[in-house]
Every structure is written in C-alpha cells, then in structure tokens.
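Look for chain A in each of the two complexes below; its partner is chain B in the first and chain C in the second.
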Partner chain A sequence: MPFWLIILTIVLPWSGAIIVWSVGDHRPQIQHRLALLFSGLAGLCALLLIPLTSDAAAIRLPFGAAAFGDLTFIPDSLGVLLAVIATVIGSLTVLFSNGYMQGEKSLGRYYALVLLFIGSMVGLVLSGSLFFLFLFWEMTALCSYALIAFHSDNPQAVRGGMTALLITQLGGVGLLAGVLAIYAWLGSFDIPTFLAEGGSLPGPVLAAVGFTFLLAAATKSAQFPFHTWLPGAMEAPTPVSALIHAATMVNAGVYLLVRFYPALAGIPGWTTAVILIGLITALMGSLMALTTYDLKRTLAYSTISQLGVMVVAVGVGGIFASQFHLASHALFKALLFLGAGAVIHQVGTRDMRQMGGLWRTMPLVANCFVIGAAALAGVPLLNGFWSKELILETALHNGYPWVYLTLVLTAGLTAAYAVRMVWWVFVGWRTEQFQLLDPGFQVAQFKGIGEALDPVTDSPAPATVHSGSPHPSPQFPFHAPLVILALGTLLSWLIAGEMGHWLAQTLPFHNLHVLPTLELVAEITLNEATLLALMVTAAGMVIWWWRGRILWVWYWFRPLRQAARHDFGFTWLNDRIVTDVKGFAAAWQLTQTGQLNWNMAGIVMALLVILLIIFNW
Partner chain B sequence: MILTLSLTVVGLILIGLYGLLAVRNLFKLIITLQILVKGAVLALVIAGETSGRLQLGQSLAVTVIVADTVVAVIALALAVQLKQQSGTVDVGRLDTLKG
Partner chain C sequence: MTLLTLIWLPLLAAPLIYLAGRLAGRAREMALLALLAAWVPFGLLVTARGNAAASFTYGAITLQWDGLALLLTLTALGLGTTVTLYSFWQMAAEPGEEKYYAMLTALIGTMIGLGCARDLFNLWLWFEAMAVTSYLLVAFYREQPASLEAGVKYLLQSAAGSVLVLLGIALVLAETGSLDLAPLPPESSFLLRLAGGLFFIGFGVKAALVPLHTWLPDAHAQAPSGISAMLSGVVIMAGLIALLRVLTLLAGDGPIWGWLLLGFAAANITLGNLLALRQTQVKRLLAFSSLAHMGYMLLGLGVAFLLGSRAGAEGSFFHLLSHALLKGAAFLAVGAFLTIFHTFTQDHRPLLISDLAGASHRFPLVALVLSVAVLGLGGLPPLVGFMSKWQILTASFASQNGWIIALVLLAALNSVLSLAYYTPLVNTMYRHKPAAAFAQATALPISMTLPLALLALAILLLGFWPGLVQGIVNNAAGALFP
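Up next, the complex of A and B:
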C-alpha cells in the first residue's frame, strides 16, 4: 500500500505536468482544471501516507544499477510531513493560481513546472538514497529557476532566476561533494546506513561532509551569507512565491540539516556554526523586513528570518521544535503570500506605500492576512506562537541563553514588521495622505533638531513596482485557499502533541523531545521564557504603533536602517563576484582562436598528456 | 599477424591525427577523419581477437562503421552548404567562432 501511494504522490504530479503541457495553451480552462486535479490527487495520496509511516524502505527500484545503488523511498514521518506540506499547500496554490493566472500566456509551462516541482519535492524528502536525494534537490532548483524567470520578457525576473540558480547550484555542488565523500568511505548511498555508521568515518571526512551539507542547506534555505537570492526570487508569480519560496523548497535546507543531524551533530563546531548562521540570518532578515517597502520583499525577508529561526532550532537540538515551526511557518507564510497575491492582483503594485485602507474593499483577505501576520508575530493561541515559543524554550533549556536572547530580540522585530505590514496595506492611508493625517506621526515637531528625521521619507521616492504583468480581472475566487490556510494557522497547534509522537515513532536515529499537546501547552505557558518573549513581542508591536513618539530611536538607528535597506552590502558583493568571474572568463577568451587545426592540436596534446599519465602509472 | 595489424592501426591513427592538425581543406579533413576512424575500427577487431571475444569486437566495429558513415554523410552535406554560403572550404578562414 505505501508502495503505490509513494509512487502516485510523485508520478501523479509529473504525469500531470506532461498532460497539462500537451493540452496546449489554447485551452486554458482545461489546463486549470487538470492541474488542480493532479495536484489535488497527489495531496490526497500524501495525506493517506500519514498513518502508514515506517522507517524501512517501502520501495526499492534498481534504477541506479551497480554504480549508484538502488533508488529507495523511505516513508518515515519526517519525509511524509514535508511531502504533505508540499502537496497540500501545492494544491492550494494551484487552486489559487486558477484565478490568479487567469488570462496569462504560457499557462502550460507554468503548471507543468509547478507540478514538476511538487513531484520533485516529494521525491526529495522521501528518497532514501543520497544520490537520488541530490538528483531531486537539483530538480527543485531547476523548477525554482524556471518559475522565477517565468515572465521571461522582464529582465529583472530573468536576473532573479539566474541569481537563484547560481547560488543554489553552489550549494548543490557542496551537497554532491558531501554525498560523494560519504560514498567513497562507506561504499553506499543509503541514508540509514550513513546515519547508523556515520560515526565510523574519519573525523576530517565527517567534518567535510557536515560543512558541505551546511553549505547546501544555507544556500537552499537562503541563510546568511547566501540569502540574497530569495528577495530577487519575488519576481516569480505570487502563487509560486507562496509555494516554492515560502512553504516548501526553502525548507529543503532545514530538512537536510534535520535529516542528517544524528550523524553530524558530533562534529566539533558544527552545531555552533549552525546556530550562528541561523541567528545572524534571523536577525538580519527581520531588520531588512523592517526597512523595505515592497510587500513581497517584506515577506521574503521574513521568510529568510523565520528559516534562520528553524536553523537555530536544529542547532540547539530542538528537532521537533524546528519541524513544528516549519509546519506552522509553511501554513502562515503561504497564507500571507496568497493574501499578498490577492492584494497585488487588486492594486496592481507591490509598493506598500501605495496601498492602505484595503480593509474596507477586501475584508476577507484582510482578515486572513491579519491571522497570518499575527501568527508570524507570535500572538498567543496561533500556531506560530506555540512553535516559536517552543524553540525559545528549547534554546534556554539546552543551555544557550545568548541564543534565547537574540531570538527574543528577533521576535520583537518580527512583531514590529508584521504590524507595519498590516498597517500599511490594510489599515493606514496611502503614505502621502498618511503623513498629513496620522496624529502619531509628528514630523514637524522634530524639524528643529537638524536633519530630516522622517523614517518614511528618507527613502527614494515611491517608485511603482509592477507585479509581472497587469491582471485584467479585478476579482477572482481566491477565498477557498485563504480560508483553509487561515483555519490551519488557527488550529494546527492543537495536534502538535500527536504530531510529535508521530514524528518520534519512525525516526530511530533522532532523539525527539515530545509531549502531549496539553503538557506542551502547560510547559510553554508556565515558562518565564515565554513571558519575556511575549513582552518583547508586545513591545515590538507598540514600537511600530508609537513610532511617531519615539522618533529619536529611529534617528539613533539610522545607519543600521540604511545598511538594512541596502541588504547589508551582500547584493553588492554578489554583483562584484559575478563581474570578476566575467572578467576572468574574458581574459581566457584569447584561447578561442576559431582555428580548427589549433583546436585539434589542443585535443591531441591533451590526449598525449593523458596517455603519459596512464602509462607512467 | 596481430603485430602487423597493430602497426597498421597506429599508422592509420597517426595519419589521421596529422591530417587533422595540418589539412586545411574541409573535404580533405573529412576524409582524414575517415582514415582515423578506420584505424579505430581495426583496433576494435584486434581487441576482440586478443581478448577472446571476437564477436563483441566485430559487432562494435560494424556499429562504428554505421555511425561513422552517418557522420561522414552529414559532414559532407554541411561542407557543401558551407561552400555555397561562404565560398570557401579553407578551415583557416572559417574562424567565426573566434572568441
């Protein structure tokens, strides 16, 4: 039974991709329906896998022959959890796309890539073979690239796609190097074998594996210093951002760390490196989210920051906490992105300063968005609150007070930008009116001090950021996915205890700390750590509310804000590296003479060198 | 016998390689390539004979002959097109791939 379910979960989206593509773009309605059908069926199969988890391989296909080992799929709870997230949120975003992508050209390409991605993601998380894990890993990167650059007539989209591809390829090479090192020492690509016998590897080799895997995870999950590709990825159609760049693919890095945690945690310095990378990312992401004016970029920075929190959770040993937060984050961030998609669709711009007051015109979207933002901020009783507090508590409990304090600071900043986002989009007025009307925003009062202190106007003039293409239809049926995700955000924490128990059952190498839901709730609510975090969260919200009265704080942090707005210089660094590589390549252009005889001479010389090497050995 | 054949193989491949380095006429270049590949085909047969798997060597040789014929036909067709388009078959003057 698990055999067929796994096969179906992967093959259904893939065959759907081929079928939707071959239907042809002249029948868009059929394409919409077919994509929904196939992704929905895959989601159903993934859900049916939940009670059938086991830690033994359910499928063993001799695809790899002698060289690469069998293609195995292990339906353990960690893999099934991510497969369910990928397929269920995948089908919800396809449902959303049915309206959002109405009237777009090349729908076949769009749906084919989305479905290909869903299948690859399921393969990635269920694969029991390191080699095929790498293969699926690269397939998801390819789909991500092609979907970011979906509007291929927009140079920014193409650029964003290329950046994403280059950076994730760097990680892909790291992953491949780690996988090959494991194979060279253990003679097997089998993941359980590595988890069981990883300790028998020589120290330096294991360390190399650990850090190459960390590189792969950092690039895939947009962690410091490789986070620059995710904001650029926001050129993708919004449902794609929700699915790939918030709920699923970017989690693959966290998944990799969690999957191999038992084997890698013993490497000296590895957990510290993981914690540091996660912490820096979490803090930087929330600072950048606080300074950008693009709604989707705010969400992208927020995703970076939340992924950092998950990575920290892995580093401090909170495997269950990180997975719980991953699931919560997938729900509320997909909700936020789809809500943002509905807003952008309506307004036609991504600049938050040109929105405002949308509560009245789109109340349902506003309510759902507020639920998502509250979960992001960590407002009690929503899923984000429980998972974030669990991470904080785990950090404190496992003896990392400094990690706890930094995360609390991040939580405060998160609350601040969540309120800022909701305020600007749904409550406030457009900025130009807002400056005149908001009584809390007393710029004139501070004019005497010297510089212009206005936190809003020290930015470049509000340029209209157009979402990929103008969408003709003003309204579309986006309610169902939003409502489902909002309900998930409200209620999913109720099954946290069961989820932990279920996760612990089939992960023999991980040592999970799980409790029933009620005890979990008691443990979190009765902890001083939670109280402090809640106070800081509330302070973060109030700070945004009272920003007019505490302008001196804005003044003090002006250099920090400027740095955050410019991505802390990392985009510049990326551009510099690309320029230098191009220069280096241009220097080698001399070797291309275009002369056939010269090229042949080069080939013959190389042949001679190879022959010499072979015969000398 | 094997020795004679082996020397023939070496001779054919050396002639082929020299031709690829020195010949500038595209048609002659294709013929040179044929000579080189014939050396390789002969080498396959010899390898089959010496390893005791002559059938394998022979079937591979036949496969290479078929593939190589296709290569030659397409190359000649392209060369004719090139001659018509650019008026020259001198590979020294066909350097549009110069970096």
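Up next, the complex of A and C:
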C-alpha cells in the first residue's frame, strides 16, 4: 500500500503537469480544474500515508548502474510530514491560483511547473537515497527558477530567477560534494546506512560532509550569507511565493539538517556553526523586514528570519521543536502570502504605503491575515506561539542562554514588523494622509525637505512596484484557502503532542524528546522563559504604536536601519562577484584573437608545453 | 561481411546521392534511404556481438567491431539520420543541396570506419577521410566570407594536427616495427613518449582540447546548423576516440597520460564556460559550451586512465551519448529559429540571444526542445545531462584523491556557472512580446519538428532511465579497459 501511495503522490502531479501543458492555453478553465484535480489527488495520497509510516524502505528499485544506487523511498514520519505540507498547501495554492491567475497568459507553463514542483518536493523528502535526494533537490531548484522568472518580460523577474538558481545551485555543489564523499568512503547512497555508520568515516571526511551539507542547507533555506535570493524571488506569482518560497522548498535546507542531524551533530564545531548561522539570519531577517515597504519583501525577510529560528532549533538539539515550528510556519506563512496575494490582486501594487484601510473593503482577507500575523508575532494560543516558545525553552534548557536571549530579541522585532505590516495594509491611511503618521516622513519634514523622502535612505520613495492593474476581487474558491489556512493556524497546535509521538515512532536515529499536548502546554505556560518572551513580544507590538514618541530611537539606530535597508551589503557583494566573474571571462576573451597565426601558435606552444611535461615527469 | 557492409554502405551511397540529386533532384530521399538501410547491418552487428561476423580481415588489415565502435556508430548514425531528416526543408532551397547530403553521408561512413580501426594506419586514414568530408561541409555556404574563413581555419589547423599524428605514427613504427593498436610493454622509451605527445596534440586539435580549439567556434557557428550538430555531437568525439585508441597503446607507461587528460579537462571546463559566458551569438555560445562538455568527458577518462578503472570511462561515454543528444537538439532547434530569422532578414547575419525573444509563442515545441536541451546541458534533472555528469563526478570522486576531488568541485562549480549563460536563452524565448521575425513566421514542417521532438524525448527518457544505455557504455569502456 505505501508503495503505490508514494508512487501516486509523485507521479500524479507529474502526469498532471504534462496533461495540463498539453491541454493548451486556449482552454484556461480546463487547465485550472485539471491542475486542482491532480494536486488534490496527490494531497489525498499524502494524507493517506500518515497512518502508514515506517522506517523501512517501501520502494527499492535498481536504477541501472552502481553510480546511481537504488531508487529508494522511505515513508518515515519526517518525510511524510513534509510531503503532506507540500501537497496539501500545494493544492490550496493551486485552488487560490484558480482565482488569482485568471486571465494570465501561459497558464499551461505555470501549472505544469507548479505540479512538477509538488511532485519533486515529495520525492525530495521521501527519498531514502542520497543520490535521489540530490536529484529532487535540483529539480525543485529548476522549478523555483522557472516560476520566479515566469513573467519573463520583467527584467526584475528574470534577474530574480537567475539569482535564485545560481545561489541554490552553488549550495547544490555543496550537497553534491557531501553525497559524493559519503559514497566514495562508505560505498552506498543509502541514507539509513549513513545515519548508522556515519561515525566510521574518517574525521575530516565526516566534517567535510557536515559543512558541505550546511552550505547546501544555508543556500536552500536562504540563510546568512546566502539569503539574498529570497527577496528577489518575490517576483514570482504570489501563490508560488506562498508555496515554494514560504511553505515548502525553503524548508528543504532545514529538512536536510534535521535528516542528517544524528550523523553530523558529533562533528566538532558543527552545532555551533548551525546555531550561529541561524541566529544571525533570524536577527538580520527581522531587521530587514522592519525596514522595507514592499509587502511581499516584508514577508520574504520574515521567512528568512523564521527559517533562521528553525535552524537555531536544530543547532540546539530541538529536533521536534524545529519540525513543530516548520509546520506552524508553513501554515501561517502560506496564509500570509495568500492574503498578501489577495491584497495585491485588489490594489495592484506591492508598496504598503499605497495600501491602508483595506480592513473595510476586504474584511475576510483582513481577518485571516491578522490571524497569520498574530501567529508570526507569537501571540498566545496560536500555533506560532507554541512552536516558538518551545524552541526558546529548548535553547534555555539545553544550556544556551545567549541563544535564548537573542531569539527573544528577534521575537520582539518580529512582533514589531508584524504589527507594522498589518497597520499599513489594513488599518492606516492611504498615501498622502498617512505620511504624517510615519515617523520617517516626519523626519523628512523636520529637515525641511518638501518631497516625501524614504525615512531610511533619505531618498525619494521608490517607484511603485506594480503587479498589474487593480482587479475586482473574485469570490469563493479564491478565499477558501485563506479560511482553511487560518483555521489551521488557530488549531494545529492542539495536535502537537500527537504529532511529536508520531514523529518519534519512525525516526530511530533521532531520539526525539516529546510530550503529550497537555504536558507540552503546561511546560510552556509555566516557564519563566515564556514570560520574558511574551513581555518582549508585547513591547515589540507596543513600540509601533508609540513610534511617534520615540523618534530619538529612530535616529540612534539610523546606521543600522540604513544597513538593513541595503540588505547589509550582501546584494552588493553578489553583484560584485557577478561583475568580477564577467570581468575575468572578458580578460580571457582577449586570448581568442580569431587570427590564424595565433591559432597555429597556440598549437605549437601546446605541443612544446606537453613535451616539457612529458619529459620532466 | 556485415561490418564491411555497414562501413561501405554510406560511403558508396555518397556518389549515388550526388547523382540522384543532379539528375533527379532526389538527393535527400536517397540520403535518408541510405542511412536507414545502414541501420540493418548495425542491428545485425549489435545482436551478433562477439561473433566472427564482427570483424573483417584483408591481408594485414583488420577492422574490428567492439564496444567503442558501437558507441561511435550509434552516435554518428543516430544523429546523422536525424540531421538528414531535419535538413529536408532547411536545405531545400540551397544551391548544392546534393553535395551536402553526399558529404554528410560520407562523413557518417568515415566515422564508422574510424571506430573500427585496429591499427594506426587505418586510424589515420579514416581520420583524414572524416576531416576532408567535414571541411567541405563547414564551408558549405561558399558565398559567405565568414563561412570560408571558418573553413580555411578548420582545414589548416586540422592539417597541422594531422602532420603531428603522422609523425607520431612514424615514431611508433620506427620503435616497435608494428602499427597494431595493441598495448605496448610498460617500458618508457623516449621515442614512444614523444609519439604520445604528438598524438595528444594531433588528435587534440580535432577533439578541441584547449588551447587547440581555436578552429571550433568559427566552424560551429558558420556551418549549416545540421552540420554544427554533427561537428559538436560526433566529429569532435571521433577525435577523442582516436586519441583514446592510441593512448591505450601507451597506457602501460605510468600515470602521465591520465594526468594530461585531467589537465586538459580543467582547461576545457574552465575556459569553455568562461568564454561561453560572454557570447551573445547563440551558435557561438553553444560552440564554446562544447569545449566545456569535452572537458567533463576528459575528466572521467583521465580518472579511468589514472586508476585503470572502467567507472570513469563509463560516465564519460554516457556523457558522449548524452552530449550528442543535447547539443544535437540545441543546434537543430537553433537552426530552425535561424532559418526563420534569415527568411525574415534576407541575409546571413548571426542569430543573437535577443533575437529569440518571444519565440515560444509561435513555436512552442521548438522553444521547449531548446529549453530542455540547454537546461540538460547545464546539468539539471530530470534530463540526461544530469545523469551523465553525475556518473562522471561519482567515479572521479571515488578515487579519494585530493587533486581529482578539487577537479570535481571545479567541474561542478562550472556547471553552475554554465546555467548563467543557458538560462538567458530560455528566459528570452518565453517573453510575451515576440520579435518581429517570429511574429509573422509560418509553421515549420513536420520533417523539421519530428527530429527535434525525438531528440527531446530521448533526452527525457534517458534522464528518467539511464539504465537503458548502461550496457552500451559498459561495453565501450570495456573496449578500452578490458
């Protein structure tokens, strides 16, 4: 039974991709329905796998040559959890796309890539073979690139797609090196074999594996210093941002760390490196989210920051906590992105300064969005609260007070930008009037400059990021995914205990520390650590309301804000590397004169060099 | 006899094709018929492998069918048949069409002969015959100065290579008194080493080892697109196989030859990718990428020679097949766009990347094939290029040698870099606003789209099921490393 369910979960979306593409773009309604059908069926198959988890391979087929190993799939709970997230959130985003993508060109390409991605993501998390893990890893990168660059007429989208592809592929080289090292020394691509016998590898080899895997994880999950691709990825259609760049693919890095944690945790310095990368990312991401005006970029920086929190959780040994937060985050961030999509669809811009007051015109979206934002901020009783507190508590309990304190600071910043985002989009005032309420604009006016200046860079506000003209808001199917995700955000923590128990059953190498839901709730609520975190969260939210009175703070942190606004210089660094590589290539191009004399000289010189080498060997 | 039929059928058909073209205007049908007929003896040989039917001896000369010959024949005949069908429409309006088909068929025959050569004399003979037929095809557009320039460069540089090869053969004959391609005893003699160096450079010109590659970008860019596909997919590979045959002669002589292959691998991979990165002309871009792919093959082969193990060679031969499919599909798809573009501009200017804008709307299939081909060349799954590169890298890494591992990482990083020049092609084709040339173009005939679709299918099929050709690449590696 699991054999066929796994096959179906992967092959259904893939065949759907081919079928939807072949239907042709002149029949969009059929394309919408077929995409929904195939993604929905895949979601069903993944859900059916939940009671059938096992730590033994359900599929093991030879693949033709030793260099590829066997095609192996293991339906253990970690894999099935992520497969369920990929397919269920996948079908919800497809359902949302039914409304969002109405009237778009090249629907066949869009749905084909989304479905291809869903199948690949399932393959990635269920794979029991390192080779196929790498294969599916690369396939998700391909789909991600193609969907970011979906609007190929927009140079920003093309640039974003290429940046994402190149950076994640760079991490792919890390994964490749790690996998090849395991194969070269262990002679097997089998993941359980590596988890069981990883300790027998020579120390330097195992360390190399650990750090190359960390490189791969950092690029895929947009961790410091490779986070720059994720904000650029926001050029993708918004349902894609929800699915790939919030709920699923970016989790693959965290998944990689969790999957191989038992084998890698013993490497000297590895957990410290994981914690540091996660912490820097979490803090940096929340600062950047606080300084951007683009709604989708705010969410992207928020994703970067939250992924950092999950990475920290892995580093401090909170495997269950990281997966709990991953699941919570997938729900509330998908909700936030789809809500943002509905807003952007309605107003035709991504600039939050041009929104405001939308609570009155789109109350359902606003309510759902607020639930998501509250979960992100860590408001009690929502799923994000429980999972984040569990991570904080684990960090403190496992002896990392400095990690705890930094995370608490991040939580405060997160609460601040969550409130800022909700305020600007749904509450505040549109453009002209609300300049008075933004301290940044006041600063500009204090300085006697007439025009509205960007409060952080003191440069004129960027031209509006248009995502097409305003659309009338479509009704039902369009909003159903929002409601479902909002319910999930409200209620999913109730099964945290069961989920932990279920996870622990089929992960023999991970030694999960899990409690029933009630005890978990008691442990979190009765902990001083939670109290401090709650206070800081509340402070973060309140600060936004008092921002007019604390202008001096705004001045104090001016350099920090400037740096955050400019991505802490990493985008510049990326551009610099690109320019240098191009310059290097241009220098080599000078050697290609195209003149026959020089070509012949090349042959003669090569002969001389070769003979020199041969006779001096 | 079957072997002789396979080799001579295309060669004898060549003049008949020319006559059929001159007298009845039926050159293309004749060419396709001849190539299809050649699949019959090929099929017989594949099934009768190991029998006496698979060799032919006349006096001191022996032609022998083995795994490597099979690989080269399959690639040459497979891509050749595809190109012939593809050219039906594209070359129909060209003056000298009958010469094109005659030379193309002869080119295929000479490469089959080259694969079966068992002594240095035959090897050189077939190698030269292959060169002669391909010179004329490169300079096919004889009214175009750029095309003639490419032809002259190709001719002169290849001739320089041939002289070195001939010199090497003379040295081997002087030293051993034999021209047989059987491994020599493992003792280092000055003359044999010198011969090895001469072979390396001589065959290296044809195989486009950097810095001997300088003829290649012009030739690939100026030749008719079908010929570009043949040059990149098979002809430079025939040069590589000739080099490998003579290297087995000297393989007993220490690790030097393996390290030289690895050195050229590093040069080809790095320079090929860096130079492709700067190209704006589509065909030149693909030409430089051929250098990089030759480099990946050299990596696997270098490891195989160094360790005497088959695994690296298996990966490289798989990549040879996969590159023929991918680069064949890429050049043919670009050729289709180029024809449309030239019909529009009424001249022979090169096709720039930006000229492909919006091509996908009028020609979704061709655009998809080109996308699949270049993404496969960039090594993305589920395409065959991913599988073959993986096999090379796995075998190389398994050496556990620090230098080779560094080279593997260099190759992998370059593979990432290559995406930076492949993806703009894809992005440009999927723009919404079509370029003027494509806005009013008429549909392409099935004789052109069918070969493209077949190549793309093979790229996908082998991407999902690389086991299909493992038998072939095993045997090819076995021919070098018994």
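Odds and ends about this structure:
The rule is short, and it goes like this: the second predicted complex is superposed on the first by the 550 of 617 C-alpha atoms of A that agree within 3 Å, B and C clash if a C-alpha of one lies under 4 Å from a C-alpha of the other, contacts with A are read in each partner's own complex, and residues count from 1 in each chain.
The rule we apply is simple: a contact is a pair of C-beta atoms (placed from the backbone, for glycine too) under 8 Å apart; a residue touches a chain by one contact, two chains touch by 3 or more.
From a predicted model like this one, the values you see are computed outputs, not experimental measurements.
Judged by the touch definition given at the top, the superposed model places A:597 against chain B, while chain C stays out of reach. Of the two partner chains placed by the overlay, neither chain B nor chain C lies in contact with A:272. Contact with both chain B and chain C is seen for A:589 once the two complexes are overlaid on the shared chain. Of the two partner chains placed around the shared chain by superposition, chain C is the only one that A:109 touches, whereas chain B remains out of contact.
Once the two structures are overlaid, the count of chain A residues touched is higher for C than for its counterpart among chain B and chain C. Of the two partner chains, neither chain B nor chain C is touched by A:579.
Residue contacts after overlaying the shared chain place A:525 against neither chain B nor chain C. Using the contact criterion defined above for the overlaid structures, shared-chain residue A:361 touches neither chain B nor chain C, since it reaches no partner.
The interface of chain A with chain B overlaps its interface with chain C at residues 589, 591-592, 594, 596, 600.
Within the complex formed with chain B, the chain A residues making contact are 589-597, 600-601, 604.
Note for the complex: chain C touches chain A at residues 152-153, 156-157, 160-161, 164, 193-194, 196-198, 200-201, 204-205, 209, 211-212, 214-215, 217-218, 254, 256, 260, 263, 271, 274-275, 277-278, 311, 314-315, 375, 380-382, 386-387, 390-391, 393-395, 397-400, 405, 408-409, 412-413, 415-417, 419-420, 423-424, 426-428, 430-433, 465-468, 470.
Against chain A, in their complex, chain B makes its touches with residues 17, 20-24, 29, 91-92, 94-99. For chain A in complex with chain C, the residues that touch the partner chain are 62-68, 105-106, 109, 131, 135-136, 138-139, 141-142, 145-146, 149, 152-153, 158, 161-162, 165-166, 169-170, 172-173, 176-177, 180-181, 183-185, 581-582, 584-586, 588-589, 591-592, 594, 596, 598-600, 602-603, 605-607, 610-611, 613-615, 617.
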